[in-house]
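The two complexes that follow have subunit A in common; it is paired with subunit B in the first and with subunit C in the second.
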Partner chain A sequence: MERVDVAILGAGPAGLAAATVAAGAGLSTIVLDDQGAPGGQIWRAAGDVTRDRALARLLGASYGGAMEAIGAAQAAGAVFHPACDLIDANGDGALVWLDRANGGLREGQARALIVATGARERAVPFPGWTLPGVINAGAMQIALKQGGAVPDGPVVLMGQGPLLLLVLQQLLAAGADLRAVLAFDGAVPSVPFGAMARAVFGDPGLVAQGARLLLGRMRAKVPVYRDIANLRAVGGDRIEAVAFDSDRRRQQIPCTWLGVHDGVIPNTQVTQLLGLAHRWDNAARCLVPVCDDLGRMEGAPVWVAGDGAGIGGARLAGVRGARAAHDVVRALAPDRHDAPAARALAQTAARLAPARALVAALWPARDPLALVDDDTVLCRCEGVRVGTVRAAIAAGASGPNRAKVATRCGMGPCQGRICGPILAEWVARDTDTPVGALRVRPPLKPVLLADYLTLEQE
Partner chain B sequence: MSAAPTTDVAVVGGGLIGLSIALAVARGGQRVTVFEGEGVGRHASSASAGGVRSLNRHPAEIALVRAALPLWAGLAQDLGQGVGFFASGQLRVAEDDAALAALEKRAALTRDLGFTHEVMLDRAALFAREPGVARHCLGALLVADDGFADPLATLRAYRAAAQRAGVTICQNRPVRGLARDGGGITVQTDTGGVRANAVVNAAGAWGGQIAAQLGEPVPVEPRGLQMSVTAPLPSFVNGVIGSEGRKLSLKQMANGTVVIGGAYQGNVDASARMARPLQRRVAANLATAAHLFPALAPARIIRSWAGIEGWSQDALPVIGPSKTMPGVIHAFGFSGHGFALVPLIGPLVAQMLMGKNPTVSLTQFDISRFSNREEDVNYA
Partner chain C sequence: MSAPDVLIIGAGITGAVAALTLAEAGHRVDIIDAYAPAAMASGWTLAGVRQSGRDPAELPLARAAVAEWSGLEARLGAPTHYRQGGNLRLARTEPELATIRALVADQRRAGLDLWLLTPDDLRDMAPGLSPDILGASFCPTDGHADPVATVRGFIDAALRHGARTAWGERAQAFETEHGRITAVLTDKRRITPGAVLLAAGIQVNTLLAPLGPVIPLRHPIVTVVQTQPVTARFPFVIGVANADFALRQEVSGQLRFTSGAEPGGVLAEQGNRPVVRPTLASVTATLTRAAKIMPDTANATVNAIWGGLLDLTPDALPVIDRHPDIANLTIAAGFSGHGFGIGPVTGALAGDLVLGRDPAHPVAAFRFDRWDGTGPDAGLSLHG
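Now for the complex of A and B:
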């Protein structure tokens, strides 16, 4: 049993900034992360990428500040636990995690918990989306980040949002055989002038980066299709083509990879596991943890920071992580609370917020069921189809957990990570009830029985 | 003011017991309304391990569960859709001499009560039946026609059958009280009262609160029984396995997943109506299972859970008429082993509501056993 003041879940920008502040104030601090090295998704394998010249040229723009943030957390004395999967947590700060490097389950007890588990890509179900070769565009980027793996064979990208535009540029630069982009958005999405002005003023760098990416798509010598309908991934053992209507004409484009991305949503598995309150963000079409400005949740010594508290992007994540940690210091060691630093961070957060609002306005979330038919699998783990869920909702399953019990949708090993948010929104819409969160059960990820045997028994 | 809506029979609680009762009563031609405080089967029913077990039952329950067993075989046909029942047999193995002696004593007790369903297996017979069980086991007590069902499929089937039979199911409608109202009873809810001729208290872990409100308190403790399930494994066990002197219940479902439980209690937050498993107890449970089945070595646990179940003081259910409010019948507090009884409780309670004597005696489950009055009667 490891007893600490602060346990931080996630070593991305938010977690690292939080660790720097908490450990810097003399609080014993551990950071758990499922990856082997700190950095999170945005700064994945930061050390390797910044050392490898070719990779740095390809990916480097996103890695600004990574090594500094990692170094600062380490210098402050935060203890990093790499390759650790959180298995269970409760509102009293008790944690159980799987230590993959050393094997076995470990127990911890923290006085405060900072959940900085970031974002994950929104699931986009459509006929054939379970075929091997259909993957998240983010997963393609992960492959690039971990050793520069470029997808072999013809590639099609589909969806919308800044990450998709970035992956498009990175795949082209890496020499991928990109055949088409199926765009959910317009060529130049329109925005109100006021929103643009505030964003440019607050975070000119981010706005410039966005403009570059949009231009990049226009300049890329890749056909872009819009108004996609009747989409289907076609294939036997894996995807062989993507078929769809565009401009009322049927298209079929052969490919071995279809990279899909429709924006990111907060990863709320941990706060759902903790049984804490979530609310539905109707504009962003996602569940977000209910917390105050500093990330403090109600009913437990739990703070949430970074994209996991609501999508804000990497730069804002660092600020939010630091702010949450300042609030933890104020709660646990009030005499060491650095009020001026906390106030300065509040101003920075206010300055960065409009740019993120602009991103949200440019790429509004779509109806997650826009591309499905009754035969489309919704829950990949349990093989539950859209029609089955539709029937259960019609028969009175008013709430995601009731639909889950009625259909097994969300009951598999992924615990509804993929289908849960869609199910929640859908059930709420069809039954005119508030959107609720699926109950998440431990273990958060499948664990070998043998690993449980390392735990103290009672 | 318009008159309150009416129903013939109101059932408090939309778990499996309540649905079974509602279905049986509706099939008898009565209008039935189920009042469920949350969602259908929210607690014990959906957290159940699905055991259909007459093995090693409390002597008071043996006749009841033996009468329920034949109903399981025909349940899918009766309800019009599958419940995943499989007469796999249930075994309670002995891992040492003391356990073997205890099982032999148990077998003798059951025989003395006039039952023949529990049979001792020696070592060879055990391994012939369950080749996957660890070699240190010395024998087992077997009930060959016991088995298990899929609780969620059972829940779906009962719900659909009840709805087809005309039962009205009101979810998110907790019952706040029962009040005598002329010749009937008013069921009080947040959105108004409903008049009924008769009421069944099938409120599970909360059944004691209803009884207390009627002036006949029964101590019912909410407990959260822990369960875990593995990712699918190649088939290695046929029956449902327990172990004498140890806390274990293990079964492999048709899809290869293994459900492991056995009376380990999780953490119950009664006010939040939530239960969660405790990992050290999951570990103890899994250690017992792995000790008994070497094939579990590569297993992956994909989920653990705990559901709130109502435990009465003597771990036996309360079934029978209220002594303080005529027209109310209790059926709650099944103490973690009500699942097997579900198909029988509905018809029995329906018989009681029609003023008939139930076809299986329920006197041992009468609510009066918790009051001093019972002692007065006994010693009179």
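Now for the complex of A and C:
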């Protein structure tokens, strides 16, 4: 049993900033992360990437500040637990995690919990999306970040959002054979001048980066298709082509990889497991934890920071992580609370917010069921098809958990991480009820029974 | 909505069976549940269908239920995943072996086909069991089923017979006049049924208390652990002599373990769903027992962990009775963690009582007011 003041879940920008503040104030602080090295998704394998010249050239721009953030957390005295999967937690700060490096489950007890588990890619199913070779664009980027693996054979990208544009540039720079981009972002919406000005003024770096990426897609010599309909990934054992209508003409583009991306949504598994309040964000089409400006959730000593508290991007994540940790210090050790620093962070957060709002306005979340037919698999774990779920809803399944029990949709080992938000939104829309959420139960990740036996001697 | 002849409060196995019984008999039945069908005990249960280890008062019901289970799928036109694979009750220690021997002698005298197995017998029958097991009772006519599918099957069949359902609707109070319920107030509306069947598990006393006496219930927690499918297949339910562990394999190949009844369960709600969280210590203890009994289970992958609350009476027997003061109120509750298997019979008995018919089995042992002032302190013993 490891007893600490603060346990931070996630070692991305939010978790690292939180660790720096909490440990810096003299609170005993641990940081759990499922990866083998700190950095989170955006700074994945930061140490290796920055040491490898070619990779640094390819990916370097997005790794700005990574080594500083990691170094600061370590210098402040935060203890990093790499390769650890959170298995169970409760609102009293009790934690159970699987230590993959050393084997077995470990128990911890924290006075405060900061959940900084970031975002995950939104799933938008379509016929054939479960074929091997259809992968998240984020997963393609992970392969690049971890050793510079470039997809072999022809590649098609589809979807929308800034990450897709970034992956496009990175794949091109890495020499991937990019055949087409299926763009699901519409025409650029008219953003009010004031909103644009606030965004540019508040976070010029982010706006400039976005502009560069959009320009990059225009300049890339890769055909961009729009107004996509009747999309289907075609293949036997794995994807062989992507077929679709564009401008009312049928297209079929051979490929061995189809990278899909439709923006990101908060990773709420932990806060849901804790049984704390969440709300459905209609515009972002996702579940969001209910918390105050500093990330404090109601009913438990739990703070949520970074994209896990609602998508804000990496820059804002660091600020939110630090703000949450200042609030934790105020709660646990009021005499060490640095009020001026906390106030300065509040101003920074306010300054960065408009640019994020611009991103949300440019790439609104799509209807997750726009591309499916009744035969499309909705739940990958259990192989449940759209038509089966449609029938269950028509038969009166009045909430996502009832639809789950009736169809097994969301009952697999991923606990509905992928299909759950789609199912919840769908049931709510068809029954005209508030959007619910699939129940999250321990263990958060499948774990060997034998691993539980390592806890026996308590 | 027009007033029903009978309002059933609680859509667990008892309420669902009663709904079908009454609807088949031509009555207008409404069934409501604060959550959803099989949301509480009928959902989390291990779902054994068992005669062995039953109290003598319950044994006739259990035997009648087993006779019904094999025909249920045909009757309901829906899967129950009932499997008559037998029930093994293991002895891990010498005192447990003495308990098992006494159980076999007792129940054989009562006419149940119950065998005493030696370690050699067990090796042949269940090669996955630990060689340290000293012996076991085996009842070949026991079995298990899928509780959620079964309850849904009864509800759907009741719907086909004209019953009406409302989920997410909580009964909050009774209005009474001259010793009768005249209305049931829910969080949504006021219902004026001819009669009421209260089959709301751990929630019954909230509604009973304003009327007078309640059922002396405790709500201990049971820990449930489900694994991912395993390749080894076995048909029987496995229990132990002191009832602190049980195990079965679901049709999917997944294993389901349950702990014994332990104090300290708390019912929380998350988005209108009941949530009961077991302690890590109980999870670990349950899985330790699993690995001791069947060592290969250590290689299984844990898929989900949850908890359930029992409605445990002092003698661990249910209440199936009409309310002593309220003429049109029938109660079927307090099943103490082993009501699922006998549900097809007890639900029908409750229906008999609602209609004022002679019940098909003696129900004297299940009287509402059988408590003689003793507190709710009986443990869940062998027949858990």
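Assume the second predicted complex is superposed on the first by the 451 of 458 C-alpha atoms of A that agree within 3 Å, B and C clash if a C-alpha of one lies under 4 Å from a C-alpha of the other, contacts with A are read in each partner's own complex, and residues count from 1 in each chain.
By our rule, a contact is a pair of C-beta atoms (placed from the backbone, for glycine too) under 8 Å apart; a residue touches a chain by one contact, two chains touch by 3 or more.
Source: prediction; values computed, not measured.
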Room on subunit A for both subunit B and subunit C (clash or fit):
clash
Check whether A:A437 is in contact with subunit B, with subunit C, with both or with neither, and answer first, second, both or neither.
second
Under the stated touch criterion, which partner chain does A:V447 make contact with: subunit B (first), subunit C (second), both, or neither?
both
Check whether A:Q146 is in contact with subunit B, with subunit C, with both or with neither, and answer first, second, both or neither.
neither
Of the partners subunit B and subunit C, which touch A:T348 in the superposed model: first, second, both, neither?
neither
Go through the superposed model and pick first if A:P413 touches only subunit B, second if only subunit C, both, or neither.
both
Using the superposition on A, tell me which residues of subunit A are in contact with subunit B and, in the other complex, with subunit C.
88, 90, 96, 107, 275, 398-399, 401-402, 405-406, 413, 415, 441-443, 446-450, 452-453, 455-456, 458
Interface residues, subunit A side, partner subunit C - complex:
88, 90, 94, 96, 107, 275, 398-399, 401-402, 405-406, 413, 415, 436-437, 439, 441-443, 446-450, 452-453, 455-456, 458
Per the touch rule, the subunit A residues reaching subunit B in their complex are 87-88, 90, 96, 105, 107, 275, 395-396, 398-399, 401-402, 405-406, 408, 411-413, 415, 441-443, 446-450, 452-453, 455-458
Residues of subunit C defined as touching subunit A within the complex:
36, 148, 152, 167-168, 227-228, 268, 270-273, 275, 277, 280-281, 283-284, 287-288, 290-291, 297-306
The answer for subunit B against subunit A in the complex is residues 39-41, 46, 152, 155-156, 159-160, 163, 169, 171-172, 230-231, 267, 272, 274, 276-284, 286-287, 289-290, 296-305
